[in-house]
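Take a look at the following structure, please.
All chains are identified by letter, namely A, B, C and D, in their written order; residue positions are counted from 1 within each chain.
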Amino acid sequence: MALPAPPHIGALPPGPRHAITDVAGVTVGHCTLDAGSVQTGVTVVLPHGGDLFQDRVPAASVVINGFGKSIGLLQITELGVLETPIALTNTFSVGAVAGAQIRQCLGANPECGRSLPTVNPLVFECNDGFLNDIQRMAVTEAHYLQACQAAGLEVQEGSVGAGRGMSSFGLKGGIGTASRRVRMGTAGDTVYTVGALVLANCGRLPQLVLAGRAVGTRLAALAPVRPPEPEPEKGSIILLIATDAPLDARALRRLALRAGAGLARTGSVFGHGSGDIALAFSTAYTVPQDSARPMPAIAMLHDALLDPLFQAVADSTEQAIVHALWRAVAVTGRSGHRRAALADLLPGWPLV
Amino acid sequence: MALPAPPHIGALPPGPRHAITDVAGVTVGHCTLDAGSVQTGVTVVLPHGGDLFQDRVPAASVVINGFGKSIGLLQITELGVLETPIALTNTFSVGAVAGAQIRQCLGANPECGRSLPTVNPLVFECNDGFLNDIQRMAVTEAHYLQACQAAGLEVQEGSVGAGRGMSSFGLKGGIGTASRRVRMGTAGDTVYTVGALVLANCGRLPQLVLAGRAVGTRLAALAPVRPPEPEPEKGSIILLIATDAPLDARALRRLALRAGAGLARTGSVFGHGSGDIALAFSTAYTVPQDSARPMPAIAMLHDALLDPLFQAVADSTEQAIVHALWRAVAVTGRSGHRRAALADLLPGWPLV
Amino acid sequence: MALPAPPHIGALPPGPRHAITDVAGVTVGHCTLDAGSVQTGVTVVLPHGGDLFQDRVPAASVVINGFGKSIGLLQITELGVLETPIALTNTFSVGAVAGAQIRQCLGANPECGRSLPTVNPLVFECNDGFLNDIQRMAVTEAHYLQACQAAGLEVQEGSVGAGRGMSSFGLKGGIGTASRRVRMGTAGDTVYTVGALVLANCGRLPQLVLAGRAVGTRLAALAPVRPPEPEPEKGSIILLIATDAPLDARALRRLALRAGAGLARTGSVFGHGSGDIALAFSTAYTVPQDSARPMPAIAMLHDALLDPLFQAVADSTEQAIVHALWRAVAVTGRSGHRRAALADLLPGWPLV
Amino acid sequence: MALPAPPHIGALPPGPRHAITDVAGVTVGHCTLDAGSVQTGVTVVLPHGGDLFQDRVPAASVVINGFGKSIGLLQITELGVLETPIALTNTFSVGAVAGAQIRQCLGANPECGRSLPTVNPLVFECNDGFLNDIQRMAVTEAHYLQACQAAGLEVQEGSVGAGRGMSSFGLKGGIGTASRRVRMGTAGDTVYTVGALVLANCGRLPQLVLAGRAVGTRLAALAPVRPPEPEPEKGSIILLIATDAPLDARALRRLALRAGAGLARTGSVFGHGSGDIALAFSTAYTVPQDSARPMPAIAMLHDALLDPLFQAVADSTEQAIVHALWRAVAVTGRSGHRRAALADLLPGWPLV
């Protein structure tokens, strides 16, 4: 049965696309591998359309739970900028995608690693080993490039890209995205956009809360539809936040942390085996690689004005997780493992 | 109208007292100052009944949002132990209570600061300046000692002790406590207790979610009862977690972080002006001050077994916040400022 | 025997005052308590002459070793600004000085803690309990205010202010300061100043290295002059860095960390019992308390240009520690405890 | 001219091998690639001879300066254990070596990533792009395995393994190792060993200090032998510490941080472009992957007894850096770039 539109989280309005691409300049691309026991892929988020190595974007991350193998955060924490597309994939493909990012950067910057510094790959991961034959390491450099080439404003959600093989709350998980608009200023005429994109692979079914409703315990009680679930949780979730508000790395770290509030509302307690990692970036300005180029002179948003953005981060993150579950389709993969889709199980909405 | 018993959060059972004192050895004491524009106090949590300076307790903290003036966390992060009672009070009384802790330790350990190291005071704070004339700095050393002398197993909640002047979600906040029991092992015969105690002074009314219900938007819409609310939020929340599970400081930090999940479920997005700080300690063993005494040889709980404790932390924290609001009574203080009690506003429960 | 001028550390030139006050706007004041067993005091560093609560200064700290009781770092780490004078005193006087800072702020900002946020006291400490009767808690609010009133461009060093009772490397320690100038830009016409001020109370004598020379082992071998030394080390060192370079909190944290390099060159290994804490601030701009006032639009210094500043931080920190020892005079205090001065022990310089 | 034995740093005695392998159970292996413009390699440090995925070793890291692309630290910080050999290589080969570690683990643990968690690769890197054609990404999985197979107690130093193409202080850098023995207890009959192994690729020539002597300024003044040097510094240094003392992750982090003290004594100020990262591990016990296996019950060393170990970490780290320079041989690589060896430049020792 088809579900209606998903419930809206909170009081803030979304942007026109209901997606992270409502933040101007941001694009998203997927490459999906769907072939028998290979159910995996790559998703990329591009903060702008230029050369990110030359024009870096302010960014910061928060490790909510560090059972994870993502790479690139060390340097982002030190320098407060990201300098490649943000890539998402499965745990064992981090090395392949990082290599692809290096070669991509070398193509555009032949002196990278010589007269120029080395580039800092940025690859996030979740373990899709329940549905995907992760040991096959099927993702290659070409898949990363295909995801980059596919990048655009329309964002497919659910069982696509890096989300193809992911499970969340015992259901089919994957990619979800959402956005919120915030009005500021005495006249309310300053508008900022916050966008979230998640790779949802975390949680156990009984924990699931959808828009405040304890959906998980309801579904878990329906024995015939209870999907098989590995014990203990070995999931993860990646939480990406974009905004056009002028913020430096310190303030962006504060935003990233609020993605954890949105995650918690879905029932997650940041499980031991879950790599729960958030990253926030701003598109309001760039930081040049070359120190001979002028640095931007930006009046940052005052910290005391951040509360509406914090609300937008929590709400859009929760919304993105709802979307990931809502839009996912059932997938059967390795060893006949199958994850049912929420849309196939939920007997209408709202629950009565 | 009297409210029924508060809703139970989650599936785990509470301990017999529904309080942090369900963790064996833990006691709690209050000293409440209720005199016109002075509406404040001190609350203490004692991990055990001995000399904490000599027999220190493993502990770790997490700064969820660092708009706060608590003291003592620096050394706890380095050494992984606490060595005084945990004190809670208002922001401007931190110095007085810290001085009281030092003198208390000197009384029992005359060589402290001479042949022995200095003692590390541990004082958490929230700003109760809406109801309390915080500028008067009414809390003295004697009040801290009274709270210590009053410590016992029964825990008063609501508008008492350090919670006397606190506001939360535009309502009267204060002290709340709760506990959960977790069974482990193949036979389920290993039982651990997790206790939470909060000093709730955070949040704006429209954000409030009670046991999954958006109570705040409902109450905010009832214009006549909407309490006055300072803008922007200048609150804070202190989240204390106790457990008898054998955990070291690294694992306790993981527990402390999950208090943030419980907090997020109540609607908080960890506001900019809110000092949201969690601390977890274990009573399973002590660490001697004197390096000539033997160190404990403890088999810690395996990290892969922490998920039920994480759930217990999130659930008991949320429950403790519910209790703080549920049990608070209305208080009128400085300049006639008044905070209504949830119990006075909520038209029954559950909401229909 | 009088020592010659202390050796110059590194190749960078100092500013005209050889002091942290070479950074324009910065002033330093002391209040020294010298009365029998009371050998202690207060030192303040003021980043500018205005109201720091209203016009806050970008700042960041690094905890090199967290066996310490300093207060105020929590909020500085979150917000990246300091909003009071920086105060230094003994361990048990932190509360008294913090209270003094609060009252000082209330005097200038009567709404602090009411319609305005609470102020964040910033007090660093070392344990001077060997020479000073620290248990007497002799420092009062008046002493803090006297130090503020005494603030100026000339900086006394050695056994003054908070340094009165401090010991370092088994010798008399205390206050030291130094500065370095850095030229940048293609024409070398951009000049930045880095200033350091330390409260030196760390180290054991055999570790001491002065300008590369293992002075400590030499002095330790001279049995008649070997000063009594408590075992194990219970010292600490506070390392303050000022600069006029335009840097945000993230970059200032990077500077603060390099103070640890200067400290390490003196022979310290950041002893277990030593609270080794660095804080760096910039005078290049201020951040308003009031979010209605405009935020500064500053072109920060590019990270790739920080190396000369890192060098200046390490060199001026090492130099300031040398100054603290070089300028200290012997002090006799509690129980007849005495710390000899380096100037009394060192048989000339350079050592042959 | 052949140099004499390198100067001994500090007062503590070394172990019999003067190497990290003096810590019982630790072995080291290299695979060196020396072919024209390919001057690079892999070095591995194995904490013990068993299956590290099943029997994990307590570990902790400190990021001194985060301009680096090492992977694996995220999970080590969360869980406090390492579960693979420690691999060192060049910056662009991190992905290849991480993939090799994953496959190595899969070979021994076929359920890794399925019923077992995914394995956490641990690969450190420096940029050897001055001598090595790093863009060729010449390191393969086979090279990692060769390094593992070559692992033993004898440790080659200098221009070998991952150190083949590294430069340090404008000279040929690379691998260095050292050890120290510490006696404890009232009878001095408890002996712990600390071992250090560094991959030295940091620093500019004028900064270099050897055993307290400003060798760098001396050599830099000798114009004919001054080696070509890229500006600004784009180096890095990896600092590995092993010990047999019983320490948990919190205490090991404290040890790792003291490696920075040893590094600072060599003249480094932790340059902006340098990824300076330390990791410490203990061989005193292991932590099982399988939570059904019993956890070790270890009496950890009391924190107040750590000072001699801190001294041993700083001294052995400085010694290892001295060894890396002292034992390196000149290498000519990419585009005819050449790094001279310290042994070829230094006119005897000690300098007069």
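Quick note on the criterion: a contact is a pair of C-beta atoms (placed from the backbone, for glycine too) under 8 Å apart; a residue touches a chain by one contact, two chains touch by 3 or more.
Bear in mind the structure is a predicted one, so any value in this text is a computation, not a measurement.
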| item | value |
| --- | --- |
| If a chain touches subunit C and subunit D alike, it appears here | A, B |
| Chain pair, A-B or A-D, that carries the greater number of C-beta contacts | A-D |
| Subunit A-subunit C separation of Cα centroids, rounded to whole Å | 43 |
| Centre distance in Å when subunit A and subunit B are each reduced to the mean of their C-alpha atoms | 33 |
| Distance between the centres, which are taken as Cα means, of subunit D and subunit A, whole angstrom | 34 |
| Two or more partner chains touched - positions in subunit D | 65, 78-79, 254, 273, 303-304 |
| Residues of subunit A defined as touching subunit C within the complex | 78-80, 248-250, 254, 287-288, 291, 294-305 |
| Interface residues, subunit D side, partner subunit A - complex | 63, 65-75, 77-79, 91-92, 94-96, 98-99, 102, 106, 112-115, 117-118, 120-121, 127, 129, 134-135, 137, 230, 234, 273, 275, 277 |
| Subunit D residues touching subunit C - in the complex, by the definition given at the top | 11, 64-65, 206-207, 209, 212-214, 217, 232-233, 254, 257-258, 260-265, 268-273, 303-304, 306-307, 310-311, 313-314 |
